[in-house]
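The structure is given below, and queries will be raised subsequently.
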Amino acid sequence: MAFLHNLGTVCILIGVPFFVSGTVGLLRFPDIYTRLHALTKADNVGLGFVVLGLALQAEQWNTVARLLLIWLLVLIGSSASCHLVARAALRKKIQPWSRS
Amino acid sequence: MSWLYSTAALCLLCAIVAGLWRILRGPTAADSMLAAQLFGTCGVAILLLLSKGLNWVVLLDIALVFALLAALAAVAFALRTWGGTER
Amino acid sequence: MTSVMSFFDIMLVLALPWLGWRLLASPDLFRAVVLFISLGLLMSLTWVRLHAPDVALAEAAIGAGLTGALFLSALRRLERMQDSERRLDYAEKREEERQAPPARRRRSKPIAYGLALLLLVFFLVLLGWSLVKTSVSPGGLGPAVTGQMGQTGVQSQVTAVLLNFRGYDTLLEVMVLFLAALGSWSLTRIRQPLPEEVAAPVLASLVRLLVPLMIIVAGYLVWIGSSRAGGAFQGGAVLGAAGVLLLLADVTVVRQIPSALLRWALVLGPLLFLLSAIACMWIGGNLLEYPRQSAGAWILLIESATAVSIGVTLAALYAGGRPLEPSALEEAGEVASESGGDEGEGE
Amino acid sequence: MNTIFLYNFSGLALFAIGLHGLIRSSHLLRKILAANLMSSGVFLIMIVGAYGTDKGMIDPVPHAMVLTGIVVSVSATAVALALVCLVQETTNRVLLLQKRKKEQGRRTDA
């Protein structure tokens, strides 16, 4: 039990930097497509690790199921909305950034 | 051990506040919207962490609602404000 | 824990007014709306921090989701009506510049502005003073509510207050919502939806996944409302969000809902609430004094009906106008997309 | 306790900023945003009032009031937005009337 708990702690500690780097990417990356990339890392991996960590520490299966449901919902919602935003950006003929 | 959750939540809140800058700056409208999208996810993570840290199950419900509705604003933006017919 | 939480507090306390300030100061309306959405999110976190989970739920559904969609769509509608060459960004600024040369504006403003500022400061001092002076008895009405909880038929204090102790307030509030829907319907009609562009397949599957889940969650929230955070308003808000998503995706099924059904769904909650209030009198109590044994069932019934009506009302408010009769226009759906406000195109 | 009290000032500041924006801004949409800010400030103060007592003892009545307040404010916002759209549709501008006169004057000049 203690092992699982510690593992969960490690997972949370891994997850939080992903959020921070997502924000840094949002601030630093040059154009919208690269920012989308940074954003999805925070969404999927960061939240994934946090959920995994909390699920490992959860006392009831009920909670684990809810955590997973929340993560899945965020995955679905963010991937779909990011797709739509990127599509709209392409339609508006925003050129992807290139080093030149 | 509960400092772990609150510190992590604080870090995420800092990430949100830092991300506000992108909303203010963002050259195109979509950049601002992306930042808002990131806030939604950060909010979900904060709620989950707090729900563990404060041992408060209700917060999971709130996080669930957040997760359900996170896409709504971005979809409205992509389809109505920005996308749709050509301008 | 406590010291870290107080950092959390300070962060929120500073971020909220700053966000509000930036929101109103930003020259670009769109950015202001996005900031407003993030403000809703932070408000929701604040409610959690202040131990108000019911409010946080409602804010999560409404502040972070619905209001944003409302503003974004309205922005689009306004923008489409303006001249086509003017861009969304800085439209307002340009308009202002066009209408009043800066020099003249400067001359006419200071006195009025100074007066307004004075009034503002006066108000603030008054408010702050009253805030400091107001003495709250410890717990407020909490002990009174806790003492009477046994008679309400529910376990959640907020639900007990909403639907039992102050049921008439909620009744009137539901009526206010109904009036809002009536007002919006009498103001405008939904116009022709946009000419169909290439449909996004991802959107269709998103709707297919999310809308049923939203409806389930809405039901869950109404059900759980009797014992925990949740209830008719939160459930209704989630339901309304489902409606908005359907409207956004412009699903054909939504267009084919007969107008009468929509009207009945709008009326259902207020009507049932009113009828049960009167029925309570008839059974032999006061207005809205449910029979003790079955109070829980009454509340659940009223809440479910109200949640449906609130959801439909919010979706109708988003659609922003009276639906067209299906017979009148074969093509324009009745809850057709809000983006109707584009007669600029037709003309 | 003291940090909780800080939220009061946050609410007050939100209200003030909203009021200022309501007076100052000329765009109708922004006025609606400002009114929403004001309502947020009021809600915040009410909830802090419900919290600012003993630990664990929370007054549910302000919570219920704020809950209804949020729903009412969103419906009011929706109606106001519909009105703004109508205003623009009929007058073709979304700024306040005061400026319209000036513009008309200039138009006749031109």
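Order of writing sets the labels: A, B, C and D. Residues in every chain begin at 1.
Heads up, the rule we're going with is that contacts are C-beta pairs under 8 Å (C-beta built on N, C-alpha and C of every residue); 3 or more make two chains touch, one makes a residue touch a chain.
Just so it is clear, the structure is predicted and the values come from calculations on it, not from any experiment.
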Ranked by contacting C-beta pairs, which pair of chains comes out on top? C-D
Geometric centre distance via CA averages, subunit D-subunit C, whole Å: 13
Rounded to the nearest Å, the gap separating the Cα centres of subunit B and subunit C is 19
How far is the middle of subunit A from the middle of subunit C, if each middle is the mean of its Cα atoms, in Å? 28
Going by the touch rule set out above, which residues of subunit A reach two or more other chains? 73, 76-77, 80, 84, 87
Two or more other chains touching the same residue: where does that happen in subunit C? 5, 12, 66, 75, 200, 203, 206, 210, 213
Quick check on subunit D: which residues sit in contact with 2+ other chains? none
With touch defined as at the top, which chains are paired up in contact here? A-B, A-C, B-C, C-D
Would you pull the subunit B residues touching subunit C in the complex into a rising list? 2-3, 6-7, 9-10, 13-14, 16-17, 20, 23-24, 26, 29, 32-33, 35-36, 39-40, 43, 46-47, 50, 53, 56-59, 61-62, 64-66, 68-73, 75-77, 79-81, 84-85, 87
Which of the residues in subunit A end up touching subunit B in this complex? 9, 12-13, 15-16, 19-20, 22-23, 26-27, 32, 35-36, 39, 42-43, 46-47, 50-51, 54, 57-58, 63, 66-67, 69-71, 73-74, 76-78, 80-82, 84-85, 87-89, 91-92, 94
Note: in the complex, subunit D contacts subunit C through residues 3-4, 6-10, 12-21, 23-27, 29-30, 33-34, 36-37, 40, 43-45, 47-54, 57-68, 70-72, 74-79, 81-86, 88-89, 92-95, 99-100, 102-103
Which residues of subunit B touch subunit A in the complex? 1, 4-5, 8, 11-12, 14-16, 18-19, 21-22, 28, 30-31, 33-35, 37-38, 40-42, 44-45, 48-49, 52, 57, 60, 63-64, 67-68, 70-71, 74-75, 77-79, 82-83, 86
Subunit B touches which residues of subunit C in the complex? 1, 4-5, 7-8, 11-12, 15, 19, 22, 26, 30-31, 34-35, 37-38, 41-42, 44-45, 48, 53, 56-57, 60-61, 64-66, 68-69, 72-73, 75-76, 84, 88-89, 194-195, 197, 200, 203, 206, 210, 213-214, 217, 221, 224, 228-230, 234, 238, 241, 244-245, 248, 338-339
